[in-house]
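I'd like to ask some things about the structure below.
Note that the chains take the letters A, B, C and D in the order they are written out, and that residue 1 is the start of every chain.
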Amino acid sequence: MWYYICLMKRIYFDHASTTPVDPRVLEAMRPYFSELFGNPSSVLIEEGAEPRKALDEARLKVGRLLNAEADEIIFTASATESNNLAIKGLALANRNRGNRILFSDIEHYSVMNQADFLKSLGFEVDYVRVDPYGLVDMEDLERKAKPGTLLVSVMMANLEIGTIEPIREIGLLLKSRGILLHSDGAGACGQIPVDVRDLPVDSMTVSAHQFYGPKGAAALYLKKGVPLRPVMQGGYQEMGYRAGTENVPAIVGLGEASRIAAEEMALRVENLTALGRRLWGGIEKEIDYLHFTGHPTRRLPGHVSFWIEFVEGESLLLWLNLNGIASVSGSACASNVLAADETGLKASHVLTAVGVPPEICHGSIAFSLGPENTEAEVDFTLSTLPEIVGKLREMSPLYRKTLL
Amino acid sequence: MWYYICLMKRIYFDHASTTPVDPRVLEAMRPYFSELFGNPSSVLIEEGAEPRKALDEARLKVGRLLNAEADEIIFTASATESNNLAIKGLALANRNRGNRILFSDIEHYSVMNQADFLKSLGFEVDYVRVDPYGLVDMEDLERKAKPGTLLVSVMMANLEIGTIEPIREIGLLLKSRGILLHSDGAGACGQIPVDVRDLPVDSMTVSAHQFYGPKGAAALYLKKGVPLRPVMQGGYQEMGYRAGTENVPAIVGLGEASRIAAEEMALRVENLTALGRRLWGGIEKEIDYLHFTGHPTRRLPGHVSFWIEFVEGESLLLWLNLNGIASVSGSACASNVLAADETGLKASHVLTAVGVPPEICHGSIAFSLGPENTEAEVDFTLSTLPEIVGKLREMSPLYRKTLL
Amino acid sequence: MAQGPYSEKVMDHFMHPRNMGEIEDPSGVGEVGNPACGDVMRLYLKIENDTIIDAKFKTFGCGAAIASSSMTTELIKGKSIDEALAISNEAVAEALGGLPPAKQHCSVLAEEALQAALEDYKKKQQEGK
Amino acid sequence: MAQGPYSEKVMDHFMHPRNMGEIEDPSGVGEVGNPACGDVMRLYLKIENDTIIDAKFKTFGCGAAIASSSMTTELIKGKSIDEALAISNEAVAEALGGLPPAKQHCSVLAEEALQAALEDYKKKQQEGK
């Protein structure tokens, strides 16, 4: 039943989930699979030399994207791993600073779900509230970042609601109190300017596959001098912070994606902001009983997220998909349809945190656009959405036209 | 100075360190970078469907290689990660079985170096001796696998000395005592037959880049029903055992490499065994004061390792390299030339464990051949080696021709 | 063409729901909801001579919920009350070509909606007597 | 062509060691070793009128050890004893275009071999008196 949509060109509005590898990136990676395949740790043989050089160059490129030194970049295999390394690694290496760890209420699962493990290691975990726009509540942070707090984790930008956090402000507050700050920059680094010399962060996660780099490559920026304990032990790679034979082609890809992102960011941001505004404005005009989520202006360019009363998210997502449009839903049902049972079906913690009532937050949809998207795609989406919403509301026992 | 060697075709005898990606494997991976790039967790949109199917197929293929069920295969990013997940994950999930963990004396760093972390979690770590051939000493194991032991880790095959461990025998002993067995099969799985229905192991590490698959993909076989606690937390991927967006192209590559390995293994083993014998025999004839390491017959096909009196390993390695031959040395000096200081320069724990005196084990070299190697390459190596050895001995103040 | 998590039957009923709508002056109505998932299902029955001669539904919910509702109405039309009561959630799921494990509860919801509607019918019958 | 961890100078001296061999009836011999790394270095000096007129070495060791030995013999030939004593391990490493951090000890070894050889020479001188 799904196959007829194959004939249409798809409209990919789900760049927050993952992005295709840029052809230039793939081209850069290509020689490192079967020709320059050597182990970069085999420095004494010819085969190790080029891969080693390629790693060094990629490190420089990622460093340049963030305005960091090359030796402040640790390569990992995923943003999840970077977040695990940063939080567990900083916590274990800096116990002298305290025992308390704070997460914002809207961190990604790869931060949130570490809580139990951290508690089992004897740490205390508490959560900082966000306001209805998803911005960290600075008063709550001031209150909770009390003596004994060693580490705070606040993401650069939330990919479900698009909000960009005031990391600079947060970092300055924490610095004055001697508290470490990790920021999950997956989906932000490579998309919006991130300057670690300007932002008072101690570590920052970078994810390649969210800005046209390959899956399987990510990085952790670690500020020079900040102690970190590796969480995966083994050989002496990545300056001792991350063991395991380096995934050279993927790292080369991350480097090249970083170079391209740094060069093309200004233009991309401009175009995406315009496209995003067009989509936002159109949706606002076309759909009633619609609520945008996240901050209206302090948000990722090209990111538009909302929920619609009397419309369930998964059904909306499925109909959009059938109409050729790829998006993502924070709907409980949509979020984990492959889970082994229904215990995983909880309303998104992000939406609940920004105050969307759990019983009606099932209509949430996020569109995240990329540089290859066009005005025509936006307009097609705008022409399609009202019809789908109408159809689903028609089916809803909760919807009464007369009530509206 | 290094560049003249570029003109020659290199002889790659270091397959234990890493292997080139098989062109068929790269071909299978190709569509998943930029076309079928979707997030396999995005199952409700078209873009997620093909990647999800590709993951399922790869899981079947890896399962078939090991004679395991597909849902006993957990994908990770490296053998190092698989070993960390297995050992920490089994230890933490099975504390009720005991507190004691045993490693063989010749485990890879990605097992060995977990000891401190495990101790910090309250576990006790002890080591099982090996005999001069590198085979686990069954009597020592019987003695040390005493009540309170929860887990033993013994590798399938050691890549420094080539010895294949008696995993079946070890597993049967441990099973009778209710002790879990992890086996690091990096460099063995995909090279020699490994059947987890026949071997009483609870988990087994598989590493793609050691049998013509890509770097960045590995697997952990986990026997059905054995409890494992994830060590990296995040999203619900890999049945909850391993969080993080799946590296689809690399996993597809691991699957295809597994398929090819399963199909071509018998032939490869036959050819490599013959080539290895030719090399072994030739070296034995040509070089005096030479000592082979590892077991003469229970060893990886095409793996020849030895040390030479009065010849330092790094120098030998460098000269072989200058003559176009890639190999690896267990020499202290060669093993970590990129380390920040010289504290990393210890004689190989593997060689010390098999009884090579630390002050003379610096001459160790391992040749690990692959299916693309030829008799001509073996013969060239045999013609080159004596000359290099002669030159280095000539330079050695320890060598007296008259003494020999 | 690769499949999503839903069978073709589920997608067919999701895209072309059978018997969607309301019945004016129904013999029985059942409304159930699963607050954890946010689904709400309302089932209308028209019953004559102990036989379900018409059934309609309105559902706020995911693909599986809509398909389960649609399939349930198809399964019960023309059936006697006892026959309808004998239709289990497994039968609904099976008729749909299976549901993902995390979505089994949607077929349970459909079964519950049916039971609630028949309950309502019986209550009305007794009140009517 | 990418480089290994060693400079071109190191590789040059490794591949073409200068003054490798022994001096019959040397004025002084120094042998030092680093048991941690397994390197052993023996340096032979021929000294006349307070000047090192010849130097040769034998070394069991890694690339850096061989290159350091070779470079040391080059640096000291023609030098007075005092000038030779002033040659530090840093000077050896520098003359080689640098050594990787983990290999600095090889240049230290060369310095030590030189000192031992000069020590031996002085001892022999005194015994000869």
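As a convention for this text, a contact is a pair of C-beta atoms (placed from the backbone, for glycine too) under 8 Å apart; a residue touches a chain by one contact, two chains touch by 3 or more.
Nothing here was measured: the structure is a model prediction, and the numbers come from that model.
K.L.:
Identify the chain pair joined by the greatest number of C-beta pairs in contact.
P.N.:
Contact tally peaks for the chain pair A-B.
K.L.:
Going by C-alpha centroids, which chain is farthest from chain D? Tell me that one.
P.N.:
C
K.L.:
How many angstrom lie between the centres of chain A and chain B, each centre taken as the mean Cα position?
P.N.:
Distance between chain centres: 34 Å.
K.L.:
Rounded to a whole Å, what is the gap between the Cα centroids of chain B and chain D?
P.N.:
Here chain B and chain D have centroids separated by 39 Å.
K.L.:
Just give me the whole-number Å value for how far the CA centre of chain B lies from that of chain C.
P.N.:
About 56 Å, centre to centre.
K.L.:
For chain C, jot down the residues that touch at least 2 other chains.
P.N.:
1, 3-5, 63
K.L.:
Tell me, which residues of chain B touch at least two other chains?
P.N.:
2, 6, 43-46, 49, 314, 318, 334, 336-340, 344, in rising order.
K.L.:
Could you list each pair of chains that touch one another?
P.N.:
Those chain pairs satisfying the definition are A-B, A-C, A-D, B-C, B-D.
K.L.:
Taking the complex as given, what residues does chain A use to touch chain C?
P.N.:
Those residues of chain A that touch chain C are 1-3, 6, 310, 312-315, 318, 322, 331-334, 336-342, 344-347, 358-362, 394-399.
K.L.:
Can you name the residues of chain B that touch chain C in the complex?
P.N.:
Contact set of chain B toward chain C: 43-46, 48-50, 52-53.
K.L.:
Quick check: in the complex, which residue numbers of chain A touch chain B?
P.N.:
On the chain A side, the touching residues are 2, 5-6, 10, 12, 14, 17-23, 26, 33-35, 37-39, 41-47, 49, 77-81, 83-84, 108-110, 113-114, 116-117, 209, 214-217, 231-236, 239-240, 243-250, 314, 317-318, 321, 326-329, 334, 336-340, 344.
K.L.:
Of all residues in chain C, which touch chain B in the complex?
P.N.:
Where chain C meets chain B, its residues are 1-5, 63.
K.L.:
Could you list, by residue number, the parts of chain D that touch chain B in their complex?
P.N.:
1, 3-5, 8, 11-12, 14-15, 17, 20, 31, 35-42, 58-66, 100-105
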